[in-house]
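One structure, pasted below without further comment.
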Amino acid sequence: MIKKLTAEELKALLGELRQKFLVIAPFRVKQGRLTKVLYQPVKSEDQLSSIYLKEQPDASPKEYFLPRDDRLGEETAGADCQPEEWSDYPRLFLGVRSCDIAGIELFDDVFTENDFVDPFYQQRRDNSLIIGYSCQEPADNSFCQEVGINPLENENVPLMLYDAGEGFYLKVQDQEVLKRFEMLDMIEELPEVESSELEEIVRENRKNFSENEFSLERGLPFPEKEAFTSVDWEEATASCLGCGVCTFYCPTCFCFKFFWEEIEKNRAWDSCMFSLFTAHASGHNPRETQDQRWRQRLLHKFSYHPTNYQGSPGCVGCGRCVSKCPVNLDIRRVLDRVEKTLAGEGVKGNES
Amino acid sequence: MKVDNYLPREAEITKVVQETGINLNIKTFHLSFTDGEEMMDFKPGQFLMLTVYGVGEAPFGLACAPTTDCQEIIISVKETGKVTSALHELQEGDSVGIRGPYGNSFPLEKTSGKDVVFISGGIGLAPLRSLIDYVLHPDHRQDFGRVQMLQAFRSPEDMLYDYEQQRWENTPDTTVKYTIDRPCEGWEHCVGFPHDLIEVELDCQTEDTVYYTCGPPIMIKAVTNELVNIGIDPEDIVTTLEMRMSCGLGKCGKCNIGHRYVCKDGPVYSYKELLEMPDEF
Amino acid sequence: MANSYKEITKELQEIAAEVFAEHEIKHLVGFGRGEFSGLTEPVFLKNPEEAERLIFQDDAAPMLSKYLLKYKPDLQAVVAKPCDSRALAYYISEGKISRDNLVIIGINGCPGIEGNTACQECDTRNPVIADYTVGEEMSQQELEAELEGVKYLLEDMTPAERKEHYSREFSRCTQCYACRDACPVCYCDHCYVESNQPEWLEEGSSADKDMIFHLMRTMHMPGRCVNCGACEMACPEGIEMRSMTTHLYHRAKELYNYRPGISPEQPTLFSDFDKEDSEPGFL
């Protein structure tokens, strides 16, 4: 089922949805010298006209699922304690691109596995509805197609939004979910169009994605031990400063730490790029140098995660780690080096 | 589906034993749950996450065996960091939090019917004790063959569990040997590092014997090398890894070695498995 | 006059070949173009054939001096913006690195970095220390003319206004530590952030704790900060990182006529204490 609507109609629909949902959408936000695109809750009707879908948001919506600071509860509350009710309204995320949808799916794999469910994540996930968004052109430094992601279409969200220049198309992909959130009627009222109209637009947009200098030749996972030992990681990552920007902005990085405030137990993002991440209380540190930490970040995404999750990549190719890096260290360049080394073309440097 | 909210059960410290002198400062804590619910179900080799309220959490290998008469949890703790220092300040009657048990366990099935050798260094004896007590327990003793132990300590005053040793020595078909780093007046046992004593002090069979070793990383490496040198199959050498761990559930990422999460897939690994893993521990 | 990026790039490539011919260096640290990104990134050149990879662009923000500490004591060559040369002079004055282990290719008349507010108030447009230079030197007269009437960040604000500004800016901090890691003079082997016994900085990312991090970092900066702006350029949250440090920089300049890293022989600010020094407090 494909619906066509004007910008005004989309706004009206979102206005209506605001009665049921906390709508979270990308906005342009000024932060010091930077103008960023960030997901923020729509606080008033007027803000609907400022929603900005044209560019890839600077950050994925991951903080809405795994907050940077997450209060878990009083540590004396006991193992049966349920997470606090933290929201009266379900949340609707508007304009989430395929890369970020894949990021959330990866979180689903990790935090709602058969033998383990994170109740905090699950609660946030269960009351969230995602409206996907079809990219019109590749974001800076992105390589999503190389990790098997289709930037134009995504069947894993109940609704997918397409910008047609003049107006929008909305593709209904899962009516059951829309029913559960009591919003199917609203969508059904919109005028329906033939799928060929939309297909033509997608076909046109796809042309913008044809060229990519970078390609990933090798299937995942990368061979663990071989990639670990044979690549000259120091040379490939020499410029890394050791900050956590790449991991904080990564839609798939989920590693965390606990911290305590009095008897409150909290969880915060942690980063494998930090020297303290693996340091033992005794002082021993299995990853003493920055290139070892870089190796961990890359191989977690391209070897370890795919090994644990049926070949599914741990990277969604959004390119943010490149764009945000203070020294523009490019994961594609390092991947290229890894691939060449594994293919036997690379020159092996000194083991560090 | 198993839900884990990362929050601990409350337990009370029922007994504190000062194991060593203050140089190493190891204390053993006996704990029992205060919620009146059942004792947790665990296997030898597993570990728990212990919360010192208001301070933080740290992993400790269980130093007790899940035998029928097991009523309490035992852990041995060396004072090293923030959490262990705070724990060392606590006394009988104080409360702590416990999550777990977590991790895999020592391969009991594989060991069943075979001879068992335990080689420990310092506090590495603590996690092995969960299996030693299990194997030597009257309910299980007949399920295993001969038991040999070689326990290494820095000095006589750093010996652990001296109140248990007599009981272990008196178990049928069991020998216990002790060694310290340097000669010392009045010491009648071995002197030297355990890997140098393996051939002389232990009767190492290459068949139907499982070797368990735990201690500082450098000792584990030296011992496993020596065992392999004398012809032991790496599959028959079992150790338990100590890594930084926070969640215990294979999520937070700190104990990641290759695709494995030591807190979930480990901490117990055969030397054969370790050889296949990236060298990052 | 400031030199053009193009001219500097051309000269750098020529001089790099000379440097390789004249010195047995481990590598030449400079800027190159990212193979896939097209963005400027630090490169570590190993042989003269790579000289043509060198570029200088308006996005060459990272301070290359920082990498030299990682590979010392090997003999290394480095492309140094004037601010980088000051960081190097400071390292030498602190005994962090030996002058004999450095081959410095200084950039004269630095045209500055796009978006870096430090460049607008820059008082060092030629390298303070160099073995080779590229570009025309900028005259003192020209420099003074450019700085005429330039106010530094928040110069005219009252302490109360500044405090308000700091609180707002630093509330965006995510504790990624890019500012610290990009800073050439944040070179401690063991940063207080990484100390948990004692735990100087409690874990957690409340606005208070973010502020404590920045205040503690700032407290380490007077007499060290060369006012290069790398911290601000590195911050992914666009925090006006310099708003605090530049104030200290300019206060030290006004009160004690002290500018860090102006020469390798200069004593450090705090080792140069004089009973007559005024002590007005600084925030």
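Per-chain residue numbering starts at 1, and chain names A, B and C are given in the order in which the chains are listed.
One rule holds in what follows: a contact is a pair of C-beta atoms (placed from the backbone, for glycine too) under 8 Å apart; a residue touches a chain by one contact, two chains touch by 3 or more.
None of these values were measured; they are calculated from a predicted model.
**Student:** Decide which interface, A-B or B-C, involves more C-beta pairs in contact, and give its chain pair.
**Tutor:** A-B
**Student:** Report the chain ID whose CA centroid sits closest to the centroid of the full protein CA set.
**Tutor:** Nearest to the common C-alpha centre lies chain A.
**Student:** Could you work out how far the Cα centre of chain A sits from that of chain C, in whole Å?
**Tutor:** The mean C-alpha positions of chain A and chain C differ by 33 Å.
**Student:** Can you give the whole-Å distance between the Cα centres of chain B and chain C?
**Tutor:** About 50 Å, centre to centre.
**Student:** In angstrom, rounded to a whole number, how far apart do the mean CA points of chain A and chain B lie?
**Tutor:** Each chain reduced to its C-alpha mean, chain A and chain B end up 40 Å apart.
**Student:** Any chance you could list the residues of chain C touching two or more other chains?
**Tutor:** Within chain C, residues 196 contact more than one other chain.
**Student:** Enumerate the residues of chain B that touch no fewer than two other chains.
**Tutor:** Answer for chain B, listing residues that touch two or more other chains: 81-82.
**Student:** Two-or-more-chain contact residues of chain A, please, as numbers and ranges.
**Tutor:** Residues 257, 259-260.
**Student:** Would you pull the chain B residues touching chain A in the complex into a rising list?
**Tutor:** Of all residues in chain B, those touching chain A are 1-10, 35, 51, 53-58, 80-84, 97, 99, 217, 242-244, 246-247, 249-254, 256-259, 276-278, 280-281.
**Student:** Quick check: in the complex, which residue numbers of chain C touch chain B?
**Tutor:** 196-197, 199
**Student:** What does chain A use to touch chain B in their complex?
**Tutor:** 72-83, 110-112, 114-120, 122, 221, 224-225, 228-229, 254-260, 262-263, 265, 267, 270, 272, 277-282, 284, 286-287, 292, 296, 299-300, 303-305, 307-308
**Student:** Going by the contact rule set out above, which residues of chain A touch chain C in the complex?
**Tutor:** 31-34, 36, 68-69, 140-141, 213-214, 235, 238-239, 241-245, 248-249, 257, 259-261, 266, 268-269, 271, 274-276, 322, 324, 326-330, 332-333, 336
**Student:** For chain C, which residues are in contact with chain A within the complex?
**Tutor:** 34-37, 39-44, 59, 61-62, 66-67, 115, 117, 169, 172, 174-178, 180-182, 194, 196, 202-206, 232-240
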